[in-house]
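Read from first to last, the chains carry the letters A, B, C and D; within each, the first residue is number 1.
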Amino acid sequence: MNEVISKPVLDKGWVRLEEYMGADSAVIRAARICYQSESKSDDADIRLVRRLLKSDPKHNTVFEHSVFRFNVKCPIFVARQWMRHRICSYNEKSLRYCTADREYYVPADELPDRETYIQHMEASFDLYEHLVEQGWKKEVARGILGTAVYTEFIWTVNAWSLMNWMEKRLDKSAQWEHAEYARAILEIFHQVMPVTAQAFEEFILVK
Amino acid sequence: MNEVISKPVLDKGWVRLEEYMGADSAVIRAARICYQSESKSDDADIRLVRRLLKSDPKHNTVFEHSVFRFNVKCPIFVARQWMRHRICSYNEKSLRYCTADREYYVPADELPDRETYIQHMEASFDLYEHLVEQGWKKEVARGILGTAVYTEFIWTVNAWSLMNWMEKRLDKSAQWEHAEYARAILEIFHQVMPVTAQAFEEFILVK
Amino acid sequence: MNEVISKPVLDKGWVRLEEYMGADSAVIRAARICYQSESKSDDADIRLVRRLLKSDPKHNTVFEHSVFRFNVKCPIFVARQWMRHRICSYNEKSLRYCTADREYYVPADELPDRETYIQHMEASFDLYEHLVEQGWKKEVARGILGTAVYTEFIWTVNAWSLMNWMEKRLDKSAQWEHAEYARAILEIFHQVMPVTAQAFEEFILVK
Amino acid sequence: MNEVISKPVLDKGWVRLEEYMGADSAVIRAARICYQSESKSDDADIRLVRRLLKSDPKHNTVFEHSVFRFNVKCPIFVARQWMRHRICSYNEKSLRYCTADREYYVPADELPDRETYIQHMEASFDLYEHLVEQGWKKEVARGILGTAVYTEFIWTVNAWSLMNWMEKRLDKSAQWEHAEYARAILEIFHQVMPVTAQAFEEFILVK
């Protein structure tokens, strides 16, 4: 078990790398199997990883042997976009079985009617809790809670799929709130898989 | 292009089969390729399909050549569960680009405070529309809208993955609102892929 | 069931489009769902498809609602590379249950010792048939048959995954024999999904 | 990096667990996220894992957070079946870039004409090496080498997908040579993920 690396995101969220395996060395291992070649030096290994990511079409499979498990806390509207990415595994806090915690995203900006927004979210939780007390099933009562409410999930993803997610969520067309998560995870990616992360920035993100 | 088969679900939702290819004949085609055998009779073909689904472990790949495209309208909380199924393709109405329609699920039962629930949902839409007018981005303002709000998506799925979804969503542990969609789609499945649907009921659902 | 489009490939192989659904119209349908917009004209639809494929990062999901079923006959060494592509479905002739047909790939070029190659392949089949007669299991006796032997399979694949396969197999680094199959399928792709095929050539292949 | 666990399989093959993450604890972690519950005792955790695997329909996603990387050496005909399993990642020794080693599977039984089989395999390698010397591309010359030839690959797979592979390859309908690999990996599975492995034997394999 590796040490957990944690980053706060938005007003109440986070990303935490709980465990990973392989990292840059798994990419080199996989590539060396294809060519039945030996590592000659660290420099040669670094050049190999960079060439694999830069080449067109890219050798995606060698990046799939490096795997990460993150714990994420984010607004439901971010989680909904996130879970559209399918080449990975999720387990999420269930509002069928758990009572929702009174935690929701509040935009940081000086937006008009920000207080009204907060009051409405509070009223939603008041009503939600009342309906559950009145005997409504939690899975139906949750229908009034907005998608600004925070959720939490476990995400296991390989490096190739992770880069695909970052590419899409760091694009200028992505929602700012989601991009904040991608920026936090990119920092963690640099810490644990530095050669690939560097090549990803140079060859994929700058396009 | 096949004729659209449509079923209403819940108070304002639906499932619509827009197009499909293969059906039972694709299963037979795929199995006959493996064994390089010829169809001898309709009865032999039916027995073949039933044996493939009944056998343990099952021959999932032969059922993957039959593909369906559905159009679905359902509450967001149903869509969230639905999109956890990954071996299929989705495109959903985006509340980043579209303004939300004032349509939300209202439970049919004689629940206490049902009117309060409706009033709160209406107030949510009032505030949502107000915030958008005040210049909030739609993608942020939507955070106050509950997951009872209806969404719409296109779903392309092969028969194997469809049966997996139905098995999970027709299970007694599934949320009733989601099971209503599974029941409607099971009816359509019987109409367009009758041999497989019959075997699915007998060998998978009854377990 | 659509009409089968067939192309010969290599000395004894082929690709055949047996059935498909959606084509360009499914891409437009899926994109229109996201934006809840109406088709205004054919020209607008064409521009939409082109923009979706050209944009970076690309909107892969809208291309997944168009699905093809091919029948392919190719040497085993081509099939082995082909089946590394995982976002699609295969069913292949099984040499556990079927006796291998005496059909193998012979390179067209004026290679030295081409006759020796042919004689050796014939000798392999002689021995294979002898071993099976002697009571060897077909699944073990096949071990002496080279990967130049032809196999046959059914391939169901969506347009996005198909383009990914073509991009990799039309690359200059691909094996020539495999690229021949990709060129044949690209021609069929142009026939049945012309707008996407054109955009694919312009925005993806030329890179 | 964990210690490598290695098992010999067939006459010249092996399976080696090079690295893994999560194991039983990742299943528990994922399940506890869903219910936002705390581990009370080891016994409660074991009961939880067993219930998740036994329930019908099964909770596959919680088993996906445990991931393994194996190194496998096996005959090509086994690798061909193996790589039909798609929810995992492979990188294989390439006979486009590497010269084939003279290593092939010889059935252990007292089969008639076993010596003739060996002589033919040796003759195949003689001709292969000759053709390569004559200037044939390795990727074409390999066409005469039988699928009994050994190959080597890296396989990264999560526990759910691994159990699916074992279920199919330990079935009485599976080829004996492939089942030998499944039996070796089942032993390793017991060593590193004992609670899940035990439940797998009891609830899945015995059916």
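In this section, a residue touches a chain if its C-beta (ideal position, glycine included) is under 8 Å from a C-beta of that chain, and two chains touch if they have at least 3 such contacts.
All values reported here derive from a predicted model rather than from experimental measurement.
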With a step meaning a move to a chain it touches, how many steps does the shortest path from subunit A to subunit D take? 1
Interface composition of copies subunit C and subunit D: same or different, split at half: same
Of all other chains, the one whose Cα centre sits farthest from subunit A: C
Could you give the separation in Å between the centres of subunit C and subunit D, each centre being the mean of its C-alpha atoms? 26
Round to the nearest whole Å and give the separation of the Cα centres of subunit A and subunit C. 34
Could you say which residues in subunit A touch two or more other chains, in rising order? 61, 84, 90
Going by the contact rule at the top, pick out the subunit B residues touching subunit A in the complex. 75-77, 80, 83-84, 86-87, 90, 95-96, 104-105, 107, 111-113, 116-117, 120-121, 123-124, 127, 130-131, 134-136, 139-140, 142-148, 175, 177
Complex contacts: residues of subunit B adjacent to subunit D: 55-57, 61, 84, 167-168, 171, 173, 207
Give the list of subunit C residues in touch with subunit B in this complex. 1, 18-22, 25-26, 29-31, 33-36, 61-62, 64-65, 67, 69, 71, 89-94, 97-98, 152-154, 156, 158
